[in-house]
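Several structures are given next for inspection.
Each of the next two complexes has chain A plus one other chain: chain B in the first, chain C in the second.
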Partner chain A sequence: MSKFRPLAAFDQSGAAPYTLLPFRFTRLDRDRYVASNMAGEYAVLDRTTVEALVKHQLASDTNAYRDLASRHFLIDADSSVGRDLLALKVRTRLSRLSEFTGLHIFVVTLRCEHSCPYCQVSRQSMDTEAFDMTLNTANRALDLVFRSPAPHLKIEFQGGESLLNFPLIRHIIVRAKKINAAQGDRPLQFVIATNLALIDDEMLAFAKEHDILISTSLDGPADLHNCNRPRPGRDSYERTIAGIEKARRVLGHDRVGALMTTTKESLRQPRAIIDEYIRQGFDSIFLRPLSPYGFAVKTKSYAAYDVSSWLAFYFKGLSYIIELNRQGQRFVESYAAIILSKILTPFSSGYVDLGSPAGIGIGAVVYNYNGAVYASDEARMLAEMHDETFKLGDVHTASYEDIFLSDRLLDPLEESVALSVPMCSDCAFEPYCGADPVFHHATQGDYVGRKPTSAFCQRNMAIFRHLIRLMEDDPEVRLIFRSWASRG
Partner chain B sequence: MLSLSSRGVPTRGFPAQTQRLILRLRDNVPPSTACTAADCIYVSDGEDIGIAPAWTFKRDVFDALPVGKCAVLLPEAMSYLSDGDIIALEPSKGALRVLYRRNSPSNSLLVTERCNHYCLMCSQPPKDIDDGYIFDELELAIPLISKETAEIGVTGGEPTIGGDRFLGLLRTLKKHLPQTAVHVLSNGRRFVDPHFAAAYTDIAHPDLVVGIPIYADVASLHDYIVQADGAFDETVRGILNLKAGGARVEVRIVIIKQNVERLVQLAYFLARNLTFVDHIALMGLEVTGFARANLDSIWIDPIDYWRELTEAALWLEASGMRVSIYNHQLCTIDQRVWHVARKSISDWKNAYIPECSRCAVRDRCGGFFATGTTRHSRRISAVHDAGTSHA
Partner chain C sequence: MDTPSAVVTFDASLFSEETIKKAAYTFAAAASVDIRRSGVEWVCAFRFLRPMKPEDIHETVESFRIEVLDQDLRERVAAETRETRNSILAVAFSRTGLQRSE
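Right after this comes the complex of A and B.
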């Protein structure tokens, strides 16, 4: 190969000391550290490597060096394109911010025929129409929706049981489409969150006509679901399953999604819950923690179990789901998928609770039945506990600017940029995390909160470490996780 | 392997000063049919038809043509030539090259032999010569190419070295062959100039892809494989410029001993940084040119890298990227990636070995380069059951 020059002739990395690009590291376990760069790319390193790296002593002919150069932790005399690529990736991650509020939640009624003890929004008896949103309130809220600059709009109907005020849902959808058509026809999507107990053919025909998505509640097998979700007749499960089947028949299989709520009863049976989702033909499940709001607090449901018992439940469930995937069954755990998309892709997730800055107001906004505007679903739940901290205004009296430029929104947003939050700013998991000011206000009385005693921090750090460890230790899991991440 | 060029081809009747002719071979054309100046009419029985030059495979027919008749006698080895094919002919030297075959799905236009890379495994070693005449030739040939041609390649050398002439060629292709997909092979470095990248995308060809190699995720390794300092940075920036302008870009990775170790990391790098490229091809080595000369130092048996290839392909696929495996026999790769293995070897250099005749999946398999039937994986073995492979 005399005409050809050797590798060394092209390797000038030793000619000058390498330059470190911004990165952070955090202990993964006893011997290993996770280092992450600004774009969220990570490397797992042993202590010796971390020390050599920061002292500019890492040898360029090692795989650790090549990995770190390739993932833009350092640049050297050989190549400077890493800086361009890193900038591109950071821009990509943050690009969602410029889109502003895409999800608009309408609480069309607080009435509900269920009486779930964990309910995060106080239910009202069936016949009190005082807790229904009025036509006038809905119209004013719609005007605000269409002031949003977001390129895609999604309107979600919640309750109570939203279908108890179906005439208003119908009105809002028809009117929204009309306004949208006159305004340049942005992609506009509708979701009805419902327990499906009351769904009928007429509602489904309407849903079909307007391409509406259904999001329902399924807590697990019949006994668990019915225990969690009491209603007259104790037939919540049966009605939900019948409703799912009926809705799928009319709307299509993939137009119906389900969410589960974790209770103390759930903690013992992650597999049974997952099996129930598979039995019902779902290809994913969101293993959710219970949030510290609404009735959940009043009835002590939230205090009923702590973070570590929830984590044990979560990890057991996750491990079962991974096993299913190994056997060829494609099934996704959605919370992991959200985090993995932040770890493994250049894109950010739209998930409000893990936004940095938080997704409150700018990712999603809630119009309550009475016209009050809240910065998030959790903010409205907090309000039901008589804490109006995150009430941004009222559709009847406030302008779009009043609401979205209010200090009540801008202050918590400013304080929820994890990059600048004490302790978060030093944490290697920061690119994957958020700062959830509503949670920290609710639990610690402060937008930022103290991270060492934050259940949010404790829970997410444990999950980040767990997911990374699983990927490091098993290439097959890494591939499974990569395929989950694509769905974001 | 098809013979695509020949020297010492007998010609007659052409004026002595004739330099180079671009001729489209035609079957017997009724006298009433209009011929273009570039048409060359087939004669089988000595019957002269009109003033256009004649082509034949038969010596006696060639010899019997009237005095002064322009004609070319094509060698038996080119008996595949037929109506609509295009050749370049230098009558004085009897030098002949086949530029286009109408019945082939894999036509490529070689636009230059010059290159600013000197890749360890180059299948078409570059020559530092002034070959600008090739662009002249192709400008003449393109209008003669069948409008029904599905796809055509543009290759080199490094085609973009031609600069404006390269861009002009693409415009000619767009003008005369609007239905034909064009696939350019380039090292992408020229596109580091945003003006050049913009001029390229401004052509707005309806169906144009540029395939650009990235051999490693680390600059020094890529630069070493292509034997050009600074190539990695220019290529990556070139791709960014192309994608910013909306061009379609394919990344091509030839797997050799030198880059196998970082193949999976390269897949991570591409999925993370160049998520927006349109296709990624993971390619087996074509043992010809420099690859033959350097074979001992660059060869690695596919059976020794099937794990890396599988992980890289599955990672890219899981990342939502379009990925293909080229130039690998199915019996050398993991069945989990069979679905992305394509029959990628051009018809004129494709071959199988005797072992393949007993194979149950031969029809789905891309086989070998004709040049590679002697040096191939030690694990080539007929698959007996289409549902299993040993990898």
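Right after this comes the complex of A and C.
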């Protein structure tokens, strides 16, 4: 037998024998396609290249061939290890699934002193203590939290206005730390979601002692914020800003985060909203649309703008933020950062809305003030609209197994996995996207939804395309996005 | 007013039923598509859900033709990579503890 391969084996001029690895492709724009493999690595190709690749006609001496081999779209005699590497990357991407529920949300009260028309949780008036979580309910919920096998636990307090039931927050934190210490001290983090209007020195001292993060709401400049978030005295903005400053002084600058919600009034002022965040010393903003739950539906706030209006707002805001980065101002749009981390790194962010399998129950779970357990924050918002589809049980009567093996959780999880959903299963953006059965149930009446008419699909497909186009067309944007991806 | 319509045909020896159905589904936001086999052809009758200009109808029909070609390629990729895909998923889940023998 010859020691050497025949000359023909070194002929790189024609199509080489190669094997395809699993990949999907979707139109990016008129002339280009995005192809992605199972680990989410992507390539932008013209149609001729896609066709040549699939028909085994791609010449091995082309850049496209080398690029696709290095990104595990094909393997040949020189790159057969690609299959194993791809499997490892897919495993890394899915590893979060085995960690199970890390985020546990306690709705300590539904009471709130604000009366925001877009409220998605259907808050109750100040004097109705029937909407406060009791000590007994909190203790039962805590027992469930510590049954979770998650290596890291995060307990988040929400409302209404969570600080209206501060004594219970104090009790839960002290008790959680005690249980955790007895169990071997897993990393345990606490977040209080609050409008900050009621925060005082005693609360801040407690937050400092227990290393608590604060998450507040800031919708933009004073006029917009106060219009969106009415309260007695019409001083929501002033109280929020004062609260942010006060909390930062005690807890540290980076211990206070803020979230905004887009209303119809927000749509014409993305720059002013972003400028407000910069003025207040934040280094990121999460440009969020309204969700179809609670008062947002009742007051028609949700229906006040459509997907394309929100996308126009989002793209204008993103463009402005990119411009700021070009000028040396480091500032991040958080939703883009979450998506970019999925596109540009092998890691999964754990962001519940962009999980497939969906993040409901297995990424986050909600213990409502009355003891009801819901599969996500959106699920409890839906329940306040008298739709209990995603109620998994009650802390007083259900065991951990009853709740997490409930058909009410497993059915939507199983049915909505994007890998096997019509359209999603062929979509190149599937590795970056999510299933969101709660949204699809709320808007289309089933867990899967009809993707051609799904607002979730329209919004996210447009964002994926936009982000990839920006990266492909401008190397400087690609560098900026790479730095964002590490924060997603 | 009648909603606009259009008819597109494909050689049934070149394209599978699955391919035609998948392509039609992606257009569900714009039109309902009635698919029939007529001899050696697939006949796809579009009924658009909203009034459209003739040039927009033409563009949609052309997009549909390309989508059918794309779906055909996707079908080939799926068939060729099915085993690899399953083995990669098996490796990916092998240490998660999510699969346990009874």
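Assume the second predicted complex is superposed on the first by the 472 of 488 C-alpha atoms of A that agree within 3 Å, B and C clash if a C-alpha of one lies under 4 Å from a C-alpha of the other, contacts with A are read in each partner's own complex, and residues count from 1 in each chain.
Keep this in mind: a residue touches a chain if its C-beta (ideal position, glycine included) is under 8 Å from a C-beta of that chain, and two chains touch if they have at least 3 such contacts.
No experiment lies behind these values; they were computed from the predicted model shown.
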{"item": "Touched partner set for A:Arg91, first chain B, second chain C, both or neither", "value": "second"}
{"item": "Chain B versus chain C as contact partner of A:Glu384, first or second or both or neither", "value": "neither"}
{"item": "Which of chain B and chain C A:Arg66 touches, first, second, both or neither", "value": "first"}
{"item": "First (chain B), second (chain C), both or neither touched by A:Ser486", "value": "first"}
{"item": "Which of chain B and chain C A:Val81 touches, first, second, both or neither", "value": "first"}
{"item": "First, second, both or neither for A:Asp275, with chain B first and chain C second", "value": "neither"}
{"item": "Chain B versus chain C as contact partner of A:Glu51, first or second or both or neither", "value": "second"}
{"item": "Where chain A meets both chain C and chain B, residue numbers", "value": "84, 88"}
{"item": "Chain C partner contacts - residues on chain A that touch it in the complex", "value": "19-25, 27, 38, 47, 50-51, 54-55, 83-84, 86-88, 90-91, 93-95, 97-98, 422-423, 426, 450, 452-453"}
{"item": "Footprint of chain A on chain B - complex, ascending", "value": "118, 120, 217-221, 223-224, 227, 229, 232-233, 236-237, 240, 258, 262, 265, 268-269, 271-273, 275, 293-294, 297, 311, 314-315, 318-320"}
{"item": "Contact set on chain C toward chain A in their complex", "value": "22, 25-29, 66, 70-71, 73-74, 76-78, 80-81, 84-85, 87-89, 91-98"}
{"item": "Sites on chain A touched by chain B in the complex", "value": "1, 3-7, 9-13, 41, 66-67, 69-71, 78-81, 84-85, 88-89, 344-346, 475, 478-479, 482-483, 485-486"}
